[in-house]
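Below are two complexes that have chain A in common, paired first with chain B and then with chain C.
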Partner chain A sequence: MNHQFKLLRKESYSGLIGNLLKSQQVYGPVKQEGYTYYKRISYPDEITEDYIIPQMSAKSFVFPKIEKLFSFVKSKDGVRVEDKNLDTIPKKVIFGVRPCDATGIHNLSAIFLWEPEDSIFKKRREQTTIISFACSSADDYCFCTSLGGGPGNTAGSDIQLIKTGTNDYLAEIITPKGAEIVSSNPGLFEDVDSVEKEKYLVRLPVCFDDSELEDKITDAFDTAIFDDLSMKCVGCGACAFICPVCGCFDIQDETKGSMGQRVRIWDSCGLRQFTLHTSGHNPRDTQGARYRQRLMHKFSYMPDRLGVKGCVGCGRCSRACPVEINIHENLQQITKLVKIHKHE
Partner chain B sequence: MNKNNIYLPYQMKISKITQEAPGVKTFRLEFLNSGEGELFSFKTGQFGEYSVYGEGESTFCIASPHTRKGYIECTFRQVGRVTTALANQEEGAVIGFRGPYGNVFPIDDWKGKDLIFIAGGIALPPMRSVIWSCLDTRNHFKDITVFYGARTVNDLVYKQELEEWGNRSDVNLHLTVDPGGETPEWKGEVGFVPSVVENVAPSSIDAIVIVCGPPVMIKNTFPVLKKLGFEDKNIYTTLENRMKCGFGKCGRCNVGKTFVCKDGPVFTAEQLADMPGEY
Partner chain C sequence: MEKLREIAGELLKSNDVKVVIGYTKGMNNKVTPFFAKKQEDIAKLICGNSCAQNLAVYLYKKDISDLGKPAIVANIHTLRGIMRLAVEKQIDKKEMIILAIDNAGDIQKLDNLSDLENYLSSVIPQLNEEDQQMLDELNRMTPGERMVFWKQEMKKCIKCYACRQACPLCYCTRCTVEENQPQWIPVASSVVGNLEWHMMRAMHLSGRCVECGQCGKVCPVNIPIHLLPVRIAQEMKTLYGTSTGISLSEKCDMSTFKPDDKENFIG
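Up next, the complex of A and B:
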């Protein structure tokens, strides 16, 4: 891809955020009690650059934990239903999104924009501009490069900033939305001649063959490997909660007196109730079957049906897991499985 | 479906309630907005999300045939929060409905064939939609045979319609209840559905069979049908995994890579054989 690059000098960086703050809501990585979160900011210097990856992914900007779908009022005369007003969804720019999180939003879009298109998700996506920060550091849990991503991956980003040796920023212009920010801040971005983006990025080794993974895991459905890998899983669902691509949800009604709303809320395939039938029958009745669903959905079903993976290699699920189930190690183990020959 | 908000239900008025069996009711639903009703159409086999505002949504098939316009019907058993709230509704009340979702029984492809319907318990409703859709175009098909069983005589649903089908000369009806579920007056068979089918042994030549029931009944009926010579491609069923959205996003109804809501709920035994047994 031949993206255009500009130079954003360190002196101009705060000016850019300040200008954006004048026209829309701005979010960025903010330190809070030692942890980093994507939070709404009021001043440019609230944004930190001292983080590997924020605690929570950026998915809630397009897929909030709780999304009102519509509201209703009940009275003696019946029910009055009020549709959601999409015009109330504000424009936002999210600063400092890690490339893995931006890719997460890109991949999540495949689920929600799959026919029938989810207009609420679509509107949130349209209203959100993503200015990612390329990664100059990583930790032991990061494995984006093993899944075809990377510290300078641009999927899902509108602009990507890459910090240079002089503490200035290279700005890679990826989408028309990104180009508009550049053109509406004419004094801040300078032309730049030669660009060596790669030399500013962290080097992260590739640990397994991504092209083999889909075939191997698809063939492994009837093996015991998922039971083995999830033996210690307690079914808490934390992995889905912090995952940038986990998009599974529940639909529930919330009421207060005669008023109420139907909401879409985050859910997890790791929870027993997720697939439990009214009769008591449960198609995924063991934690192993549920872990299999989690991995197969991400590495077999989504690639097959939607052309994208359900994982970006951010490693959050491994960091959050209370019993230290490590997805990176587990995927390496799956790719080492010998080819399984099925009997015809 | 509402294109602007795929989660927004139609407003439906309950025009008729029928008590089918203990805890089981049928609602006839008419569109509050007649314009929406005129634009609405569905085909037998499809399903929807039914809701009581303030309680939530539940997934049921459309139990009425597509040959009858102006209304839809659903039959449900009162078990959880939403079905209890539904059961407490009275005629005239307004509930929500989203749909139709999913694929259909390809009844146009069955013209000129024998049809054999096999249902168990509360799984008769999806089958009832197909049966009436076929009976309303009766001359398209040859013999029509219906096997239906429930735990007890009391649990049989659509009792009036069963009587009607039993009285028709163009329907062969075999009713059965599980051993111990019979009453002194019971004139039907006593035994599990798969064994009754095996005893009656319908011909598999130029015949289509449609099986609906709890997973255990489906899994026990397929081997019997195989023994009787039915090919997998001529055996149809409908799966009813738990669902929330109905259109392939909420992530819980899939069997392997197949979404019951989008690719199903109607599948042939041939298709099921290629899917993992996660249903």
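Up next, the complex of A and C:
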């Protein structure tokens, strides 16, 4: 992983955003009533650097909470269906994405670009450039390092900016998309010779050993641990909707008279209706069974089938949970379980 | 705290009570609901002003009912929640012990609903200062300004239903908002649809909401959504002079007709 580094001086930083604003939509972390959200900006100084992690993840740039798939009109001659016009998906650059959120988009791609590829997701991904900010601070809920990530993780980013002691930025160029931004902004990026990225990153201790997590959680399938961990769960969608990697969706028709559209909307395995059959039977009839699905999907099924975890350790679900269910704590408990037998 | 643990310990020992629903300190020092089932769990129980969640929601959850007869640590919100659930015949036949805790930390063991009614007869429900301030601010706005305020908030709503799930009075197992045959309210999250959903929820809670504020506390995107049902609760008080979650004989105002009901809101 030998990425090229450049220096972006603080005087050039606003210039870069200004230039980008001329050619595409620009988004970044913006403060709103004391909370930070990724929002569209019109001026460089709307972007804040005073945040640990935005309230909502960056997944909506590639997997929005509501996505029109196609529209339909019913007439005497039948039903006319019109696919979503992919050319309407605009080019966007997102500033200040946290490394965990960028990794989230990377892991989400493993779901949506699994054969057959999802064309809408693919187009959104292609049209989106991610300029991440490495983390110089973290809070009690962050645990990316325990899952193999870190404050300077580059998965999913096109460029990563690392703030230096002089308030300038080191720019790590990760993808061709990132390189293109550098080459199309001549004069803003300078060469650097020595790079000590690590010293600008927050140190976040590793709290559990994730090498055996997949085996242990898979072994625990038939145990009561999931019932115990989720006894206080009230069964909402907060943890899934706020998660950068949760990709489950529901399909609904929104109609008005004889026309309408089919939309894809976020769904959550925590909700009772998620697996409710038309017959009234529900194969996941208890909150324990639902919480087991949540954890198994993230730490057993996804690693097994897609080679990536369904969790990047951003801690959002724990911050958002109405009853303080803390996934970091839960994973620590699961990794402490005595191993029963090894899976092939 | 010691007194609570002592009583809870005895209840579990007597084997009459199978689980004590209360609070504990979780990770990062956060207060979180806790279910004490064994003697060694007792030392983890805590109480105090930070134990503010309305726990009544757990009284009708299947996974917890399956454990057997509960004792429930109850602040004023939980107490009113229990009373209202009993009035609405959700838990009126349920065997349980209520450990009522007042603001000063004094504990009283209530063995049944009439004990609870007695206890509550001396309580005057009062909204906390912060909520009252926010409501005053909303009341000062013109209807147009209020619409702008709520539309702005509705943009943030992700329809996660945390507000509904955490509310003790939102116990319906099938909610209109998820029905799509026919569709009453858009299932997808959009500004107008979200507004419709929250108005529907607030109306369904009118004369039932016990003003605990739980729905607003849990919103992951910090929408003060409790102000809608709480505002309506105040309206109900002005119109009919009734409070909720206080007495076993209270009714559901919105579905009760009296010949001398005020009708001055009909235009």
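Throughout what follows, the second predicted complex is superposed on the first by the 340 of 344 C-alpha atoms of A that agree within 3 Å, B and C clash if a C-alpha of one lies under 4 Å from a C-alpha of the other, contacts with A are read in each partner's own complex, and residues count from 1 in each chain.
Basically, a residue touches a chain if its C-beta (ideal position, glycine included) is under 8 Å from a C-beta of that chain, and two chains touch if they have at least 3 such contacts.
The structure displayed is predicted, hence computed values, not measured ones.
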Which of chain B and chain C A:Phe241 touches, first, second, both or neither: second
Touched partner set for A:Val192, first chain B, second chain C, both or neither: neither
Chain B versus chain C as contact partner of A:Thr286, first or second or both or neither: second
Touching partner for A:Gln55 - first (chain B), second (chain C), both, neither: second
Partner chain(s) touched by A:Tyr141 [first = chain B, second = chain C, both, neither]: second
Partner chain in contact with A:Gly260 - chain B first, chain C second, else both or neither: first
Contacts of A:Gln252 with chain B and chain C, given as first, second, both or neither: both
Chain B versus chain C as contact partner of A:Phe274, first or second or both or neither: first
Touching both chain B and chain C, residues of chain A: 250, 252-253, 255
Chain B-touching residues of chain A, taken from the complex the two chains share: 69-70, 72, 74, 78-79, 81, 83-84, 111-112, 114, 116-120, 221-222, 247-253, 255, 260, 262, 264, 267, 269, 274-279, 281, 283-284, 289, 293, 296-297, 300-301, 304-305
Chain A contact footprint on chain C (complex, rising order): 26-28, 30-35, 53, 57-58, 61-64, 158-162, 164-166, 173, 178, 180, 183, 186-190, 217-218, 220-222
Chain B residues within the chain A interface of the complex: 1, 3-9, 11, 51, 53-57, 77, 79-80, 83, 94, 96, 214-215, 240-242, 244-245, 247-257, 276, 278-279
Footprint of chain C on chain A - complex, ascending: 33, 35, 55-56, 65-66, 140-141, 227, 231-232, 234-238, 240-242, 250, 252-255, 263, 265-266, 268, 271-273, 286-288, 318-320, 322-326, 328-329
